[in-house]
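The two complexes that follow have subunit A in common; it is paired with subunit B in the first and with subunit C in the second.
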Partner chain A sequence: MTTKPNIPQAGGNAGMVGPVLIAVALAVFATLPLWAEKGLVFLAGIVMAQIVFALAFNLIFGLTGLVSFGQAAFFAAGAYASAWLARMAPDLPFFLTLAFGGAVGAVLAWVIGLVALRRASGIYFAILTLALGQLVYTAIGKTTALGREDGLIGIARPVLDFGLFRINLAAGDNYYYLILVASVVLIFCLWWVWHGSLGRILSAIRQEPERVRFLGVNVRRYREYAFVISGTVTALAGALMAPWSQIITPMIAHWSYSALPILFCLLGGSARFWGPAVGAVVFAGLEHSTRTMVGMAELVVGGALLVVVLAMPGGILGALAALRQKYVTDRRGAAE
Partner chain B sequence: MTNLLEAKGINFAYPSVRVLTDVDITVQANESHVIIGPNGAGKTTLFKVLSGEMFPQSGTVHYSGENVTGLDAWQRVHRGIGRTFQVARLFADQTVLNNAILALECRERIAGTPQGRWWRLRPAPELVDEAMARLESYGLAARAQDRAAVLSHGDKKRLELLLTLSLHPKLIMLDEPTAGMAPDDRRAVVEMINRLRAEEGLTLLLTEHDMEVVFDLATRLTVLNHGQIIASGDPAEVRRDPMVHEIYFGKRGGHA
Partner chain C sequence: MLADFLLIAINGLVWAMAVFLVASGLTLIFGILHILNFSHGGFVMIGAYLAFTAMQLLTGSVGIAAFLGIAALCAVAVAGMGFVIDRVVFKRLKGVDDSYSLIATYAVLLLSEGAVKSVWGPNFESVYPPEGLGGALFLGDLFLPSYALFVIGAGLAVFLVLDWWLHRTASGKIMKSVALDPWMASILGINVNAIFTTAVVAGFALAGLAGGLLAPNQSLSPMMGGSYIIQAFGVIIVGGIGNVRGAFLAAILLGLIDAFGTVFVPQFPGIFFFIAVAVIILFRPQGLLSGIR
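Presenting the complex of A and B:
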């Protein structure tokens, strides 16, 4: 009798396929500045921030089962808070301004969660988070210190001072590598939450909240935990992106920006940890390869998305896992 | 005998319909208290009020001498109340073993032990072993790696009972534990429940439709009709009560 636990949500990439794919993706991102043109490197930096954004969102969507439609508010809060602080106090260490962005996102998520989680069921929660997100969007657009509708421009890439040595993030591809390292750290934290004890509880809450309640768990508080963790990491992704794009406008708080991680989740598959990351990369690839088709780009991208979502209800990773399952079953069948 | 659970003057109404009217009920330690009543009598609502899923408009609930009227279900669970549902509620996408492990992790979290820390990546090995042993004693070991969704109706109810008992409750509330079961499964459940009471000193509060099961299980019987208690006491006496006979046994020939 085996007592080895089958760890929940361990994913469909059993064996070595998953780790190998992750290593390949990491190698591509890490070597990109060496062989790709500047435009593509810039895009890759944005995509890394969006991957973190989408993975953090999926912690409440795919894992906890809450459809939040205001995730962009946290992204914008982190980006604006850190960019604003860096402008007000240029001598502050960069990591402090980053942390400030994350902290503002955490507080915002806590407050929004406090209000929105009173109605955790489906459409109410979606509408409440949408409304609160739009409130943040409007507030940013009307705040002079945040540049109103024009946003903040000329956000500086700072110099990291480690005492013994300094790294000028404005030089070369240094800031790109900072995003890479920070993204890996943040993704690792999210991965841990998803696969660990907390993730098991959150997944259980998605499936059967009443049973979890009768296992002595304060369900609302755990949903709030998920919301705050997700909001904090999302804000950090925003704070990381601001000095990279060097310009931020209220559009990153708009509801259409909240739709982005939902799209990535549906595209890649929300039931698996890496699904939204796959979705973000595929989406960026689609957009990039159709960028010269003036007027046709949206049509092609939209059509491709439609096909994926209709043909693969579990997203790309879900479809791959199903194929793999079929392959294994067929081989087993042939062997007998 | 001491009163473990005591509810007084419970009134509960939905916006358009009155469900419970001045309900008094006490559950004594180590008894097996069965609530019966026709469909719509308010049994499940009474269950929800007693377990803390819903709050009454008036009335009080005391558990072990403590006023728990304002406490939510999860807080009452911390004090030793467990509960199963008419239709078993399980983590359908997870394996049977993972269901059992999750319940144990919840127990450890309540106790504040290192095994229950939220940042643990893998479940503690001793909890995995304990979960496996529990599955063994419930006859579910062979299904450990199957998804809970594919279990038979009877196995689902058994697994739900296992999850509930993993938290070491003193009082368990079972909402129709034998509903929809084959006669063999039904007998097994009755046996198990009687054993829990006799060997582990548990107190039971149940609702049940099957009269045979009711009289096999009950040490005390309460009859609910139109949201009011019309009789409560020794099962044999309640059965002889003319009013009960008329509105419950009489019309329905012994089966509801």
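Presenting the complex of A and C:
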């Protein structure tokens, strides 16, 4: 068989599968409040924030090749900062408190990145970000203004004032749709970074940091860019989630929360942009279906993660792509 | 004043030796296999729960000898689990990136938490120190629980035995040679795979022993494994990952820093440990001591 360029064959419109699936997923999320029960709608809102969390993490993990074990610190920073500001100044426009959460996350990511990226690499980077993340966790859990171990409760869903009209986010499913729209916007930004020139440099840094350095690129600075972008988007996801869950506790800063995006990325496949989103949905399904049995969630999730890491390094999307590749070559082989 | 100072230092040392007991097996396995075993804390927890069950079966009072015997049995049981984990997981992690094996063993930690939850339930359990270690010693006006002194002694003993084994015995030296250059060691006729398995089994045995000895040190809960592993990570990374002497020094250093820090800034207990880890790694990324020692 001669080597053919991997162009989708006529009839097998493989290039359309991705966009169609994305459109279907979007439609499911958008229509969910119309047909699903309240508990599921609540879960879907959380999952959307977690998808943004995981996609932002994959910018530094799958793309830049850094394992950060302290991402929950940014998520919590965004959630706590926006909730705290909304409590201190209830009259501020909602988007300002949201932006404040993002800004606090950006500054924190800049500082942690400055410390962690200065010397450490590989496993040292993982442990150092873990330690710094736990530092944030301990600080939040002991700060009275942030509710100590009890967290902040009764976070209000605000009213959006557009001058001509107002939207009360506390009413009905309005806040759910706000999360949906904001998530789509944030995911589009991440998609743009991933597929743009910055994304290409980051990907090159993952594969050959030494060569990229020879080409005159300041590798550490670009890693820092990736870290700050990821931290900012993560903080915005946290700030979006706080009024949805209406209660935030220091557990969202704990290292086990930092492990979530890593789980999502590996389950779904970290080499692909949409992998973590698939992972987040699959994880939510696994956890939701085992929630009544004590200890079962850990066994199922741990087992699934172990199987994926040991047997399917490309995650779910990687395995599906390999299957499709096999199907295409088999059919082509049969035709010849 | 001096008594206060001593008490704080002893509290720091108890923490240090407890975490060293956990960290010793972790750093041993990393030194030989270059796998940072996230599940190590989970197996310490399993060891502690096994000790809990054993002490419940021995109704009545448990003496020091029986307590040590139970800890030894826990070490054997967890070592057996280590053998299985080595065959199923670690053998497949040869040559993969360090951070990747960190995540694979994180999955094993989740499995061990799930196992503990389904066998022993999600609630807190407590184990009392054995007969003879339940009391306290009084040095002047200094109040020292005997179990605290026992933990310090146990940590010291494990360190001395491990250090003696690695530096003074033939099998320990073979272990180090495999860590430095497995290929060369295999040419010299050393069964490298058997050494790898030995290191894993020994590391897990240390986890089980730590669990058995530390069962009365804190209440048992399914979160226990995670909290021990984070502290042990900090200790071995500051000590120089893979280095037993470094882990011992780092445990003492971090224990004292955290104990005194908590006294001076009581609003934020536990925060000085993380600050110290971050600052030390910033200035000495390779840790206090480097290489396997």
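The criterion applied here is as follows: the second predicted complex is superposed on the first by the 310 of 336 C-alpha atoms of A that agree within 3 Å, B and C clash if a C-alpha of one lies under 4 Å from a C-alpha of the other, contacts with A are read in each partner's own complex, and residues count from 1 in each chain.
The working rule: a contact is a pair of C-beta atoms (placed from the backbone, for glycine too) under 8 Å apart; a residue touches a chain by one contact, two chains touch by 3 or more.
Please read these numbers as outputs of a predicted model, since none were measured by experiment.
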**Message:** For A:A89, using the defined touch cut-off, is the partner it touches subunit B, subunit C, both, or neither? Pick first, second, both or neither.
**Reply:** neither
**Request:** In the overlay, answer first, second, both or neither for which of subunit B and subunit C A:L26 touches.
**Result:** neither
**Message:** Under the stated touch criterion, which partner chain does A:V181 make contact with: subunit B (first), subunit C (second), both, or neither?
**Reply:** neither
**Asked** Who does A:F214 touch here: subunit B (first), subunit C (second), both, or neither?
**Response** first
**subunit A residues touched - subunit C or subunit B, whichever exceeds** = C
**Asked** If you stack the two complexes on chain A, which partner ends up touching A:G295: first (subunit B), second (subunit C), both, or neither?
**Response** second
**Asked** After lining up the shared chain so the two structures overlap, which partner does A:A171 touch, if you call subunit B first and subunit C second: first, second, both or neither?
**Response** neither
**Request:** Flag every residue of subunit C that touches subunit A in the complex, lowest number first.
**Result:** 36, 89, 92, 97-100, 102-104, 106-111, 113-119, 121-122, 222, 226, 230, 233-234, 237, 241, 267-271, 274-275, 277-278, 281-282, 285
**Message:** For the complex, give me every residue of subunit A touching subunit C.
**Reply:** 67, 115, 118-120, 122-124, 126-128, 130-132, 134-135, 138-139, 142, 255-256, 259, 262, 266, 293-303, 305-306, 309-310
**Request:** Could you pull out which subunit B residues touch subunit A in their complex?
**Result:** 51, 53, 72-74, 77-78, 82-83, 85, 89-95, 97-98, 101-103, 105-107, 109-110, 116-123, 128-129, 132, 141, 145, 160, 163-164, 167
**Message:** Going by the contact rule set out above, which residues of subunit A touch subunit B in the complex?
**Reply:** 1, 3-8, 192, 195-198, 200-201, 203-204, 207-208, 210-219
